[in-house]
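Labels run A, B, C and D following the written order; every chain starts at residue 1.
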Amino acid sequence: MKFAIVVFPGSNCDHDAYHAAKHVLGADAEFVWHKETDLKGADVVILPGGFSYGDYLRTGAIARFSPVMVPLLAFAKTGGPVLGICNGFQVLLEVGLLPGGMLRNRSVKFQCEHVYVRVEALDTPFTCVAASGQVLRMPIAHGEGNYFAPPDVIETLEANRQVVFRYCDARGAVVDAANPNGSTSSIAGLCNEQRNVVALMPHPERACELAVGSVDGLVVFESTVAALTGDGMLRTG
Amino acid sequence: MTVRVFVTLKPSVFDPQGRTIADALHAMGYDGVRDVRQGKYFELDLDADTVDVAKKLADEVADKLLANPVIESYRIEVDEGEKLGSRS
Amino acid sequence: MPVIDSKTLEHHGLSREEYEKILEILGREPSLTELGIFSVMWSEHCSYKSSRIHLRTLPTTGACVVQGPGENAGAVDVGDGLVAVFKIESHNHPSFIEPYQGAATGVGGIIRDIFTMGARPIALLNSLRFGPLDDARTRGILEGVIAGIGGYGNSIGIPTIGGEIAFEDSYAANPLVNVFCLGIAKAGTLVMGQASGEGNPVYYVGAKTGRDGIHGATMASAEFDEQSSEKRPAVQVGDPFMEKLLLEACLELMQTDALVGIQDMGAAGLTCSTSEMGARGGTGIDIDVSRIPQRESGMTPYEIMLSESQERMLMVVRHGREVEVERIFKKWDLHAVSIGKVTMDGQLRVREGDAVVAEIPNGKLADEAPLYDRPIETPAYLERLCSLELNALPPLPTTESALRTLLGSVTVSSKRWVYRQYDHMVRTNTVLPAGMGAGVVRLKGTNRALAMSVDGNGRHCYLDPHLGAMLAVAEAARNVACSGALPIAATNCLNFGNPERPEIMWQFTRAVEGIGEACLALELPITGGNVSFYNETDGQAIYPTPVMGVVGVIEDATRVLGRTFPAGESAILLLGSGRGVLGGSEYLKTVCGQVAGSLADLSLESERALQRLLVELAAAGLIQSAHDCSDGGLAVALAECCFDTGSMGAELMMPDGGGEGRADAIDASILFGEAPSRVLVSVTDSDFGVVRARAEAAGVPIAAQGRSGGDRIRISIAGRLLLDMSVVDAEVAWRQGLERFFADRAA
Amino acid sequence: MTVRVFVTLKPSVFDPQGRTIADALHAMGYDGVRDVRQGKYFELDLDADTVDVAKKLADEVADKLLANPVIESYRIEVDEGEKLGSRS
């Protein structure tokens, strides 16, 4: 199986995602420059973190017009698994694959630190081998991760169980003090209705090796492998 | 021709920056400031012969790129201060 | 022909003698453009005219040195076929004028210095100095500086893995912003800032040139006064996105052999990059300013040559490879423009279309700036300050309250509020994050990691610049050694007042001597650095502040150590000897409100033995943590080892006290006195004996022993309990020390 | 009373955001957009009885907090669109 990692001008976690997929997981991985018009036969696509176009104007706002978004939209439509991490999440919101938008963190500052998230849904290609309610410790690094959607949209997301990750404390309790940025309903990650497009603000690719402090993010990548190789029958959680 | 575009968060959307500024102003003793909302302001230098052409172009650009319709609305003015239209 | 009168010279910061020298070099009157070019190249900032003869005394050679001073950055061999390229730079004046942009462009500048050499930047550090935080303006400067450092580094995707901050009155109107960057390249692939090969095209790439920062270098070479705000050049605005594109495009270009030489346009912009590249290559450069991409209309050649617009690079490319070069930049949406060519006549020739507007020999411009051996005089304040009567000190409050005060002082307290704003994890190499000691990044594809630390103490250097500078070298190296890495090389950023004042020049020369001695003894060649003079406002100079950056190598990245005691109980040893002294200490300043006294002496031999022992113990896996005693002395160090462990306590027992004088002053010096060469390590019970034996064999004394565990911090001497405090209380004070000044503390 | 404050970079100051937006618009085919400059826009809800009082308060607040006088200038308008004053 092969990961495609899309590189926008200003992406800076592209190498980290590549390292996690290729060197930690041992999967095939290839960078796809944003001007390309095909995904090089990848089985799964990652939109990595960083500051595409400097995050000028709005996070993800300019990247959504990159040529690569055309094959990406087609890939997503046919059920191909797509993972947006941090800036990748913001791009997916801008292009409309996921609902809602990002506001500045309520601290009005960039925040880089480890946080906890609870896995809320197991029936996605990026969580299928997680345990129900599993708590993951992963870093965030963003200034605009304060997820917002109007109440009716939130209601739909909850009804469809599209909230995939929620900020929580070390024991898994979803409390305001554990919400690092003010996100509505403590939402840290989402999926689309078809459940193949998943995005989150924390960085699983930064939590794949003990050397850098956590291996909790591995479950995201291992889920993909399981989902794509079939031995990870998508479970409902 | 210069066109001005104002992008603001929709009224229902919480504005962390505006809130922080209002808090700071209160801490500085400016109690007369009831609320602050922060938005973006763009000056577009357009290659357009008529106000109508300019308006149309600005509208398109604002709609497509400058504002995110999920959370923001925008308003367009030509330089003279004449209001050209608005949309949210 | 404009008449160059004394007013014009003054405006350019050139003396009459310097002007005479220009006349001699040219054999004629310079044009205004030429005068401008000389003025920036011969400014203190670019020419090092007051410091150069002293800097020559520093040790710059060693087995690991691949590139010493003289290029855009130094480089050392770190094993496994890799070299580390690193340097530190100041951006003090711009950060005072516009804190966010000043600090951001400082980060941008040092990053360019590193990738210019063909290295991929992988880590950033910073060393900062501000006035007291009860002043709202200072808080604003600090917030702007931190946001600017984060704004640039986070965006470009280079982790900021550490640094230091201190607060003193003398920095209120002269904050210091020193930024360190380290990059990695394969051995043998370094690229030089050299122009060679007759007819090779000279390319310009990056942001367009505007009027920003004209005379920035001259500004950095003068004091601030009331008129400074009027003289302000347009502020330079950083564009990290542009720099990210430049970084990737340049590194891609360097994979080919189409590039001959490259240099970024930093201080003095196009002038400096052209003349230095020509001077290094012994060649001439012929450029046409009308081909330079310009952001503003009507710019004169004078303005174009002196602009300090950010994110611009100058390259010399092999003739015949132009298409390939342009293609690589185009991929990154950058426009590389040919602006001239290399000639063999050694001249910097600037044309505007067909008209030659400046013609100056590169070598004379870049290398033959006037050098000054400025007069030196011992400052009068020293005698007054150096005597400290311990018995006259205010009485020691309870030891608990003194420790709480120290932990909550802004200089000692946790810097989490700061480094949380920096992405310190991007690139997934950060093995030891900010807040744990030195910054440590692993080198993927090898077993190795690199440790780095920046340190300095202006108060120490104010009281004794020679010893203070030696202590800074020792501390930076010790911080690196505490992580388990062998310190191998150093860089330095020397922040001082006006060198035309003999007392300042005395501070400077004493500090440089101290750095030289310490680096020689600790085998730390200096591969580059930066001098920032004129850090004074209205005649009030900063404390002399040499900041040292030290880089070390750890062979096994899994053996990296941090400051915190490991979970579960373990034995604790205080390695090293020597009672701390209160002279110049944080206690004396924060608790007693005094800056005075003599500093504890430094034995370079003991320091070296201690550092080698730490590296040896870490490599053998014999110690679990290491933390040196620095600001606030032993009690603060012990407390810091307990923080971030879930409030586990520790107890330390010293064999004997004694000493002359008032009992409470002696207690204060035991707990809070400062001295170098002391490190707290934790050891498993089973390794305890081996560690003792190794220490003895290395000639490193063990000053105290103890255990971690419980929930209190205790220090006793000869059976008498001197300090007994709850870890939770101590940790709260430490966490809130800095945060309490900022409104977002609750977030 | 609502007062609007526009903060713009001084003309001599480089605006990387505006430039990047303009480049993006060109890449999208909007060649009629010659240049873009981005600024900030604030809506202040003030507790003021007269336009003069509001203007004075807004001026002070803009000067002290909303604009950075080193690189930015600002302009104030009351909601009706009447210009109240400007300063750079």
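Operating definition for what follows: a residue touches a chain if its C-beta (ideal position, glycine included) is under 8 Å from a C-beta of that chain, and two chains touch if they have at least 3 such contacts.
Since the structure is predicted, the reported quantities are computational estimates derived from the model, not experimental observations.
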*Tell me which chains count as touching both chain A and chain B.*
C, D
*Select, from A-C and A-D, the pair of chains that is joined by more C-beta pairs in contact.*
A-C
*Where the centres are mean C-alpha positions, what is the separation of chain A from chain D, in Å?*
35
*Distance from the mean Cα position of chain C to that of chain B, given in whole angstrom*: 42
*asked:* Just the number, please: Cα centre separation of chain B and chain D in whole Å.
replied: 10
*Return the residues of chain A touching two or more other chains; collapse runs of consecutive numbers into ranges.*
53-54, 56-57, 62, 65, 105-108
*Pull out every residue in chain C that's touching 2 or more other chains.*
239, 241-242, 333, 744
*For chain B, jot down the residues that touch at least 2 other chains.*
20, 24, 65-66
*Touch graph of the chains shown: is it line, ring, star, complete or other?*
complete
*Okay, in this complex, where on chain A does chain C touch?*
9-10, 12-13, 15-16, 19-20, 23, 33, 49-51, 53-56, 105-113, 139, 141, 143, 203, 205-206, 208-209, 211-213
*Within their complex, state which residues of chain D touch chain A.*
16-17, 20-21, 24, 27-28, 38
_Interface residues, chain B side, partner chain A - complex_ = 9, 12-17, 19-20, 65-66, 68, 70-71
*What residues on chain C touch chain A, complex-wise?*
147, 150-151, 154-157, 239-242, 244-245, 331-333, 419-431, 433, 442, 444, 557-558, 744, 747
_chain C partner contacts - residues on chain B that touch it in the complex_ = 20, 23-24, 27
